[in-house]
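These are the structures, in structure tokens.
Heads up, the next two complexes both have chain A, just with different partners, chain B and then chain C.
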Partner chain A sequence: MNLTLKVWRQKNPSDKGGFKTYKLSGISADMSFLEMLDVLNEDLSEKGEDPVHFDHDCREGICGMCSLYINGQPHGPHQTTTCQLHMRSFRDGDTITIEPWRASAFPIVKDLVVDRSSFDRIIQSGGFVSVNTGGVPDANEIPIPKVIADESFDAATCIGCGACVAACKNASAMLFVSAKISQLALLPQGKVEKKERAEKMVAQMDKEGFGACTNTGACSAECPKEIKLSNIARMNREYFSASLSTENV
Partner chain B sequence: MKLDSKIPSGPLAEKWTRHKFNVKLVNPANKRKYEIIVVGTGLAGASAAASLAELGYNVKAFCFQDSPRRAHSIAAQGGINAAKNYQNDGDSVFRLFYDTIKGGDYRSREGNVYRLAEVSVNIIDQCVAQGVPFAREYGGLLANRSFGGAQVSRTFYARGQTGQQLLLGAYSALSRQVANGKVKLFPRTEMMDVVVVDGKARGIVTRNLITGAIESHSAHAVLLCTGGYGNVFFLSTNAMGSNVTAAWRAHKKGAFFSNPCYTQIHPTCIPVSGDHQSKLTLMSESLRNDGRVWVPKTKEMAEKLRKKEIAPKDIKEEDRDYYLETKYPSFGNLVPRDVASRNAKYVCDEGRGVNETGEAVFLDFRDAIKRDGEDAVKGKYGNLFDMYEKITGENPYQTPMMIYPAVHYTMGGLWVDYNLMTTVPGLYALGEANFSDHGANRLGASALMQGLADGYFVAPYTVGDYLASLPYEKIPEDHAEFKKSEEEVKARVQKLLSVNGTKTVDHFHKKLGKIMWNHCGMARNAAGLTKAKEMIQSLKEEFWSNVKVLGTGEELNLSLEKAHRVADFLELGELMVDDALHRNESCGGHFRDEYQTPEGEALRDDENFAYVAAWEYKGEGKEEALHKEDLVFENVKLTQRSYK
Partner chain C sequence: MSWVSKTLNSTLGKKLLMALTGLFLILFLVVHLAGNLQLLLPDGGKSFNIYAETMASNPFIRVVGILNFGFIALHAIYSAILTRHNKKSRPVAYAMTKSSANSTWSSRNMGILGSLILVFILIHLRGFWYEFKFGEMPYVTYDGETYKDGFAIVSAAFGNIIYVAFYVLSMAVLAFHLSHGFSSAFQTLGLNHKKYTPFIQKLGIGFAIVVPALFALIPIIMFIQNS
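Take a look at the complex of A and B:
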């Protein structure tokens, strides 16, 4: 395949940045999107040009490190991570535009690399069950109906990639935050702290500068792990009931 | 130097309990006076950092990724073993211990392995309490499955994403301690050196991957939880960033490196599709519970498959060779990883491989779908099937999967004693970074168990024992040893940037990977290893005279990061070859062509090789010195592994 790439290049956070066009030939349909970028980078390096910096690690769709806004969609045309997107999804002669995630809470570090530490800080604000190592009951002492466990699991599969934020016109992080709140609120282990958790995580989310939710559902439609929109509804319920009744915060 | 494993005396089942009583304790009010560095935030690192912080120590946690949640433990699919015996099928701590020792082909320590089996039950309790959503039965209790090499159902799992869920559990515990101010996080920071003062590990030197700043961090103890070195093969199931650098720099500062040649080749990976390939994707071994492995009985038929003249479904039942079921009637498709991998290689070497490259066998779910229905199969393996289809473009519900072995895990690592301390006092290695529990071969669902055992339940006791006799004063970060180390790191950065050659870092990495895979991979022999050593040495020379690293040291520079890692892989590769060449026997993941039984199974030499090889770095360009720790077996009888 022959391709034209329009790639966002930005030297550092203070640089203005802009698109640069590259021509690529001899791309195999079996390559993953990131392997295609590897080819580009080998070419650039051989020519003595700075390779395109992008985040990636596991390349099997689970670490959440790869990002990329491809032709106006986070992770490209399919509901998957960029590392699991293959070139067979494109056609010979295509022009592909590649941008970083765009959100003020995800500042650009270099080229396509952004800083998502705001997600870590949201988890630090309450995305856990407060138990120390040791001194916990036997695992089977807390029976959990399979349906509930499965629903909690669905929310727990979030990989923290940030596609939901990139997809949202308001750069809202509601899907990410609600997934963690739902996972723990559904389980007996997490119920104890659910009110405090909802209030603290929402407060941190706002502090980081993520936008509000207008229920368009773009986040869920683009989520590579298919986190459901119903989590946001559950989060809102948890948050409102917490603010009506809580003694905390 | 005499290696002392410090295995406590007394009966096997009481060793850990006695040891826990005998270790020195640090008064709760004094714990805050100590600082501990944890490098790596995977299962071992995150669990250790969280647990130590909960106890009251001050912890600094480092990872090269943008967040601790990205560590490669996240990619483990299948499950985690624990001797809970919830299924009433005869499991016990002793049986898990026995299976693990036997699975490791009798090349691990009894004491360590027993402790691992013993604390396995606590891990499950801990993870459930954190909110890890393990699979459950309709009655609400935890579900189990059996897993490669085991005849009991002791594996706990979370669909095909067990590693993810366990890591997120540990990450949440770590995050809680960050919020409490007990852990300070340093993401996008790579460890470049261990600083040793008066014979003790007293800190590390790091490179900030965003700014390039070289910085010193002083502490009372350093824990390396930096994973394995499978990426020495270039193609492996490891993440792109997984590397040996931290462990290797520690090795050069005096930590012995053990059994580097013990590498695990995983039997169920998606086959290589071309030269562009950057990594290999594992399909969880749990698939072997229901999938049947086969190739055509004849070469001719395999050739037709390769040319796509016929489809797998055109091959009649009597023309299929379910070679694992035939050769190993009692274990069948569930034989341990090394056995399954080697047999795949044999049938492909015979010309019966089924894809274009001739390096693939079938893993077929036709019978499972017929027996249990598509929904049941989907429930168990849905996400794995989806992943397979995304990568290959083929639907495994309709046509059999194709698989081939790939490098997956490294049993070797830094030598540690029973306390997980390396040969450098105050320097610990946890999880895959150490060598201790898996012997020559790791059983499925044991890596998650070991990482969490070390981090949650072992290090918090043993590190305290060491700290208790250490003064509170920290070594200042402007101490001569820190400065010296910083200068060395800076000089190395400059050296890499100034070569200004013509070949990219990846060029060298790929070349090294090919040498390792061809000569130090699934099967090795003396001639090949001798040749490999020469090839690596000349590749290393070429690297330092002709590598091209662009950009500067003061910015985010991916090729510079990679160059550091590949330079260390080049040195490690040579040691792996030395280790494989000196071990004149076959055991577990180390298979020497010269040493096999008439049936083609690994032939151990317990008389001469029942020891841990521990290599000591002797300086640039010098041969490393071999030390031996004899393995003593008091509770198991060494037998020839048989899965017939």
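Take a look at the complex of A and C:
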């Protein structure tokens, strides 16, 4: 396959940045999108040019490290992670536009690499269960209905890649935050702290400068883990009921 | 900051205000439509004029009317605040977006649709509400009682093809706004469940088609009757 790539190049956070066009030839349709970028970077390195920086880690679709806004969609044309996107999804002669996630809460570090530590700070604000260490509890000691366990697990599949923020016209992080709130609020172990958690995580989300939700559903439609919009409704319920009932006057 | 202002100043709280005021305005549309449909009764505007007078003199309706203005203002002001906030959340736009792949056009353009509706409301208020309230109105007498002849004002306005076209177009804009806003309000309130959400979504689409269509039908029929 022969391709034309329009790639966002930006030296550092304060650089203005801009698109650079590269021609690639001899790309196999069986390559993953990241392998195609590896080929580009080998070419650039051989020419003595600075390779294109992009995030990646497991390349198995489970770590949430890869990103990229490909031809106007986060993670490209399919509902999967960029590492699981293959070149067979493109046609010979295609022009592919590659941009970083765009959000004030995800500042660009270099080229296509963005700083997603705002997500970490949201988790640090309350996305956990406080338990004392000790002996391993017996399995199934706390009965949890199967439907609830499944619902919680569905939310827990969120890998925190940030595609929801990238897809949202408001750069809102509601789908991510709601998945993390839901995953814990549904289970007995997480219920203990659910009110404080909802208040703190929403406050941190706002502090980071993410946008508000317009319920367009773009986040869920683009989420590689198919996190459902019902989680956002649950977050709203959790937050409003927490506002009305916590001890924080 | 008190817990109330903290909650209402969060992004979720601002959306809550949008949803609650939006749902109130949806209810208002139903009441308004019920009044308007009386324009079509074949009694030369008698029922409409008596209805308008009853509404205008009822203290409860007057309070609701003031609330209604307040809610329209709140809905518009909060949408402006949220839009500003959302624009700041993405200072650099994408060079290429394919948003049609993941969302509906109306859901992404609620601000534009809402602004057009606000322009319509202002013109609509000047043409009808202001005239009814402060303008020099013609009077009619039914069974010995004198009423303001609002029907005459409406009938005259709907004799103008440009005004009718503007009205019908505005109702189309309203339809698109409602097609997203109706179900979106319930989602924001946290009401999302597989038992009733599909029904709310269908009801929202039905409401967005039927209510603006009935509103638009009135000037069309009156224009045809006039000419």
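One rule holds in what follows: the second predicted complex is superposed on the first by the 244 of 249 C-alpha atoms of A that agree within 3 Å, B and C clash if a C-alpha of one lies under 4 Å from a C-alpha of the other, contacts with A are read in each partner's own complex, and residues count from 1 in each chain.
We take it that a residue touches a chain if its C-beta (ideal position, glycine included) is under 8 Å from a C-beta of that chain, and two chains touch if they have at least 3 such contacts.
Note that the coordinates shown come from a computational prediction; the quantities given were computed from them, not determined experimentally.
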Next on the checklist: Going by the contact rule set out at the top, does A:Ser28 touch chain B (first), chain C (second), both, or neither?
Outcome noted: first
Next on the checklist: I want to verify the contact counts: of chain B and chain C, which reaches more residues of chain A?
Outcome noted: B
Checklist entry - Thinking of the overlay built on chain A, is A:Ala233 touched by chain B (first), by chain C (second), by both, or by neither? => result second
Next on the checklist: Quick check for you: in the superposed arrangement, does A:Pro145 touch first (chain B), second (chain C), both or neither?
Outcome noted: first
Checklist entry - Mind pulling up the chain A residues that touch chain B in the complex? => result 11-12, 28, 30-32, 34-35, 38-39, 42, 45-46, 48-51, 53, 55-65, 78, 80, 84, 86, 88, 109-110, 113, 115-117, 119-120, 123-125, 127-134, 136-140, 142-146, 149-150, 152-153, 156-157, 159-160, 183-184, 187, 189-190
Checklist outcome for this item: Per the touch rule, the chain A residues reaching chain C in their complex are 6, 8, 19, 69, 71-73, 77, 97, 99, 102-105, 167, 169-172, 202-203, 205-206, 209-218, 221-222, 229-230, 232-237, 239-240, 243, 248-249
Item to check | chain B - residues contacting chain A, complex | outcome: 47, 50-51, 54, 65-72, 74-75, 84, 86, 122, 124-131, 133-142, 158-159, 161, 163-165, 168, 171-173, 175-176, 178-179, 185, 187, 210, 237, 239-241, 273-274, 276-279, 281-282, 387, 390-391, 393, 456-457, 460, 504, 506, 548, 550-551, 555-556, 558-559
Checklist entry - Quick one: in the complex, what on chain C touches chain A? => result 2-3, 6-7, 10-16, 82, 85-86, 88-99, 101-104, 107-108, 110, 180, 183-184, 187-194, 197
